[in-house]
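Presented below are the structures under discussion, each in the form of structure tokens.
Heads up, the next two complexes both have chain A, just with different partners, chain B and then chain C.
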Partner chain A sequence: MLKSMFQKIFEWLKSAGGITVAVSVILLALATWDQGPYILVNTVVTGGMLGLVAMGLAVILGVLNIAQFAHGEYFMIGGLTAYYVITPIQNYLTAHPNAFLAAVAPFVAMIFATLAGAIAGALTELLCFRPLRARSRANWVMNSFLLTVGLSVILVNGDLLIFGADFKGIVGYWQGAPLSVAGVYVSIDRVMAFILALAIVIGFWVFMKYSRTGQAIRAVAQDELGALMVGIGLEWIMVLTMALGCAMAAVAGASLLFMYPSYPTVGLEPLYMAWFVVILVGLGNVMGALIGGFMVSLLKVLTVAYVGEGWQFVIPSVLIILVLIFKPSGVFGSEVRGVLDQ
Partner chain B sequence: MLEINNLNAGYGFLQILRDVSLKVDEAEYVSLIGPNGAGKSTTLKTVAGIVKPMSGQVLFNGDDIGGQPGNRVTRLGVSYISEEMNLFTNMTVHENMMMGAYTVRDKNAKNRLLDFAYGLFPRLEERRNQLAGTMSGGERKMLGIGRSLMADPKLLLVDEPSFGLAPQLTDQVFESLDTLRNEGKTILVVEQNVAKTLSVTDRGYVMENGRIELEGPSSELAGNPHVRKVFLGI
Partner chain C sequence: MKSGVSKHEMGLLSRILDRLCLTPLGALLLIILALLPFIPPFGEEYMLRWLTLIALTAASAIAFDLTAGFINIVNFGFAAILGLGSYTSALLAVRLGLTPWVGMFIGALAAGVLGFLTGVLTLRLRGIFAAVMAWFVGLALMGLAIKMVWLTRGPLGLRVPRLVQNEANQPYYYIMLIMLFVTYVVCRWTTRSKMGLAFKAIGQNMEAARTSGVNPTYYRVVNFTLSCTIAGWLGGFYAHYMGILTPDLMHTSKTVEVLAVAYIGGRGTLWGGAFIAFPFLVAMELIRSGASNMPGINLVIYGLILIVVMIYLPGGVASLYYRFLYKPWGKFWKFMISYKENE
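Here is the complex of A and B:
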């Protein structure tokens, strides 16, 4: 029993995914030993949220077969909503201190942001992708991709037009001294962002694995016609998936508002990073995207620590090019159809 | 149970079916035979709600289901089994079976259907934890039929059950369809294996170039000079 388990772990370690994970863990350990625990803390804190954005991207890719290049804009919508909810409350709080309201307000802001992201996602599916799908499914991957690019331009400029080009940020959601984690001072906001990401990921995993609707989403990702044959309503699943994926980007945008103040093109960086993750782990691999989030985040942290800040996008890009050349299916392979043309 | 009247259907601008009319009564075992590209599969897909009709009627128990989405049709009690099965390859056999019962909410009913399907295909129960994508062709066929049974269908639309199977496995699949018919299920089967199909079904329709050319009891069709010449090569 124990022996077969070791054997299985050993087999997995020899696969591309196993090697990548093992190398990442070793690198993380070495860098932490060399530079101090802040490497570990930074990787873990930013990796969780990046994983969340990438998971949203992966689930949209897997179920709707859409290469989503407007994903960053839902990140932006989340941050914007959270800003407009939290700022009046914080202004009110400076005049009338209230411990309870101060503790609850960030969650209120994030819930509003999540809802805004979900509604925006559902509307995108209903107003953009459904009409396109009804018209023709020929060249779907290309057409839907172009549609997302156009959508991104419209959303960015819509934001610019309505809310202006200034940075709308907050100092932090939570007041209080930074926590000391392994000798590193981490702000409560970062700790909360990580805990939130973890909670959402676990919730999402349970939903996908055990709920009837979550299983239906997985079924659609694996075989759309098969899903239709067993009686799954595709239209509803597609709206729901789009809403879920976009809500995940929005909640990430909201909880990282203290790091990424909201402005029209704030979504660009998370979009690129999420695409790095998705290409690294394999298109449409949802749970792999979480692990990939940590790996890409580690890569960024290491680049900043050893090579220099200016290189933080160069090194991941080089890695993505290498992955595309040598392992185009991603290091974990994919559980779903990924991007394919019908 | 199923009545198709003057159905026209196709893909985009390409019309495949021309004025197709056919009827399947309750507990009947009916075949739709014909050469490649005659429109047999398109007929099944139109009934299953995958292809939208251009005109004409598809009546199931009196309701017009023509043009309704596939999931609604499944809910009404029509299960379509495609040639390539469209299994969920990264789910286990058991998970596939449970997805098949997506429209069944009652837990007891689910268990009863599962017992029935596993009783029909004991092989599936042996392999319940295997991933569907790693199974052999015959087993996948069984899983495809088993999964469709989980929706508790009244009418089964089976597309090319012999597709890609060795002769021995084909016989097994036809035996299981026989069992289902004896259990009172209504079956409409599309096949290119004309001799085999006509020997097991009650009635048959012969389709050519998108039209129904002949119809009648299977034994009569098997003796028809045109069928003998074109399909049986006698």
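Here is the complex of A and C:
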């Protein structure tokens, strides 16, 4: 029993995914030993949220076959909503201190942000993709990709038009002394962001695995026609998937508001990073995206630590180019039809 | 473009125009463009500057359409490849004192080589991979241009010698018009040759093309390389026209600009994007300067038009031309648009 388990682990370690994960873990350990534990903490904290954004991207890619270019904009919508919800509450709190409200307010802001992201996603599906789908499905991957490009232009500049170009950020959600983890001081916001990301990912996984709706979503991802034949309401599933994927980006934007103050083009960096993750793990591989989030986050932290600030786009880009050249299906393999064969 | 009439039955004018791939109407529009600097409001320096940059976008849209419209690959790193041409030419001029007239072509070569490498590596996969790979190549290039301050001076801007020792915009405008025309003719010659037939076959149905013995990878790489080469050449002009280069030039939003023009103009027509660039970009600029208290409104409209065109008018403005104006109305109009019954 134990022996066969070891054998399985050994087999997995020899696959591309296993090698990548092993190398990442070793690199992380070496860097932590060399530079101090802040590498580990930074990787883990930003990796969770990055994984969340990338998972949203992967779900949309897997189920709807849409290569989202506007995903960062839902991140922006989340941050913006959270800002406008939390600021009045925090102003009220400075006048009337209230420990309970102070602890709950950030969650209220995040729930509002999630709802805003979900509504924006559903509207996008209803107003943009449904008419396009109804019109023609020829060259769907490319056309929908270009549609999201236009969408991104509209959302970024609409934000600029309505809310202005200034940075709308907060100092932090939760007051209180930073926690000390392995000798590194980590603010409560970061810890909460990580915990939240994990909770959402686990919740999402349970939803996809066990609920009927989640199973329906997976069925559509596997075979659209087959799903239609067994009586799954395709249109509803598509709206739901889009809303879910966008809500994940929005909640990430909301909970990282203290790191990424909201301004029109804030979504660009999460978008790039999420794409790095999705390409690295294989297009549409949802659970791989979580692991990939940590790997890309590690890569980013290592680049900043060893090469310097500002190189974090160059080096991951080069690495992703290598992945595209040598293993275009990603290190964990891709499960998407359409993107590969259409 | 083959017609029922054999070559020597056509008049001399028609034969020349046919060789230049223009209809008489197209030639007329081109002549109007060439005469614009003598028409009062367009003769101003700032107007000429606009027009030159619009013509550059128009030429870029043609080169972009060669891949996007014919083989259905969206080159998402187009601006970065154009920027590579700019920086190559500019650095040769600044560091080695090479004349821009030669440097532009070396820049084109560099862009072509990068395009070739990108193409060889990704074009055997499906279209989205090439788009994403080109995008990341573009990001990496822009990152390099920002970070290699010792070479490119990064965001501080690289001062570049200009193409002609003249502060006026007029010579540049004419150079740009010639480059626009050359771009068009090169792309049109390619697409109406046998190779163009292969491009169209691949773009419409790759499996069918492959079954008929067309090697998709070969043709796609040729197409992609050609498009990138032209982009690099245009980039060389940009560098020596602006006189200052910043890495912003390579930003994805610049690609989106070219993409929007090419798609609104009509994919797969080449002339559509070049034609629509002039009225469209002038209108956008007017909106931007007219509504300066509403920053971003022009780009919102831009994005809306792009989406509406993508969903409801996939053929772009060019399809409107074929639907409403490509009609045998009288002898003169028939001549102007070179209408052919059997097409």
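A few notes on this one:
In this section, the second predicted complex is superposed on the first by the 337 of 342 C-alpha atoms of A that agree within 3 Å, B and C clash if a C-alpha of one lies under 4 Å from a C-alpha of the other, contacts with A are read in each partner's own complex, and residues count from 1 in each chain.
In this text, a residue touches a chain if its C-beta (ideal position, glycine included) is under 8 Å from a C-beta of that chain, and two chains touch if they have at least 3 such contacts.
Nothing here was measured: the structure is a model prediction, and the numbers come from that model.
Partners chain B and chain C, once the complexes are superposed on chain A, both fit on it without clashing. Shared-chain residue A:Pro328: touches chain C; no touch with chain B.
Residue contacts after overlaying the shared chain place A:Ala216 against chain B, while chain C stays out of touching range. With both structures placed on the common chain, the touch criterion links A:Leu225 to chain B but leaves chain C unconnected. In the superposition on chain A, contact is made by A:Leu147 with chain C only, not with chain B.
Touched residues of chain A, counted separately for chain B and chain C, are more numerous for C. Residue contacts after overlaying the shared chain place A:Glu269 against neither chain B nor chain C. The minimum CA-CA separation between chain B and chain C in the overlaid arrangement is 16 Å, rounded to the whole angstrom. Taken together, the two structures place no residue of chain A in contact with chain B in one case and with chain C in the other.
Chain contact summary for the complex, chain C toward chain A: residues 72, 74, 121-122, 125-129, 131-133, 135-137, 139-140, 142-144, 146-147, 253, 256, 259-260, 263, 294-297, 299-300, 302-304, 306-307, 310-312, 314. Put simply, chain A touches chain C in their complex at residues 67, 128, 131-132, 135-136, 139, 141-143, 145-147, 149-154, 156-161, 165, 264, 272, 275, 279, 308, 310-311, 313-314, 317-318, 320-321, 324-325, 328, 339-342. Of all the residues in chain B, the ones that touch chain A in their complex are 48-50, 69-71, 74-75, 79-82, 85-91, 95, 98-103, 147-148, 150-151.
Chain A meets chain B in the complex at residues 212, 215-216, 218-219, 222-223, 225-235, 335-336.
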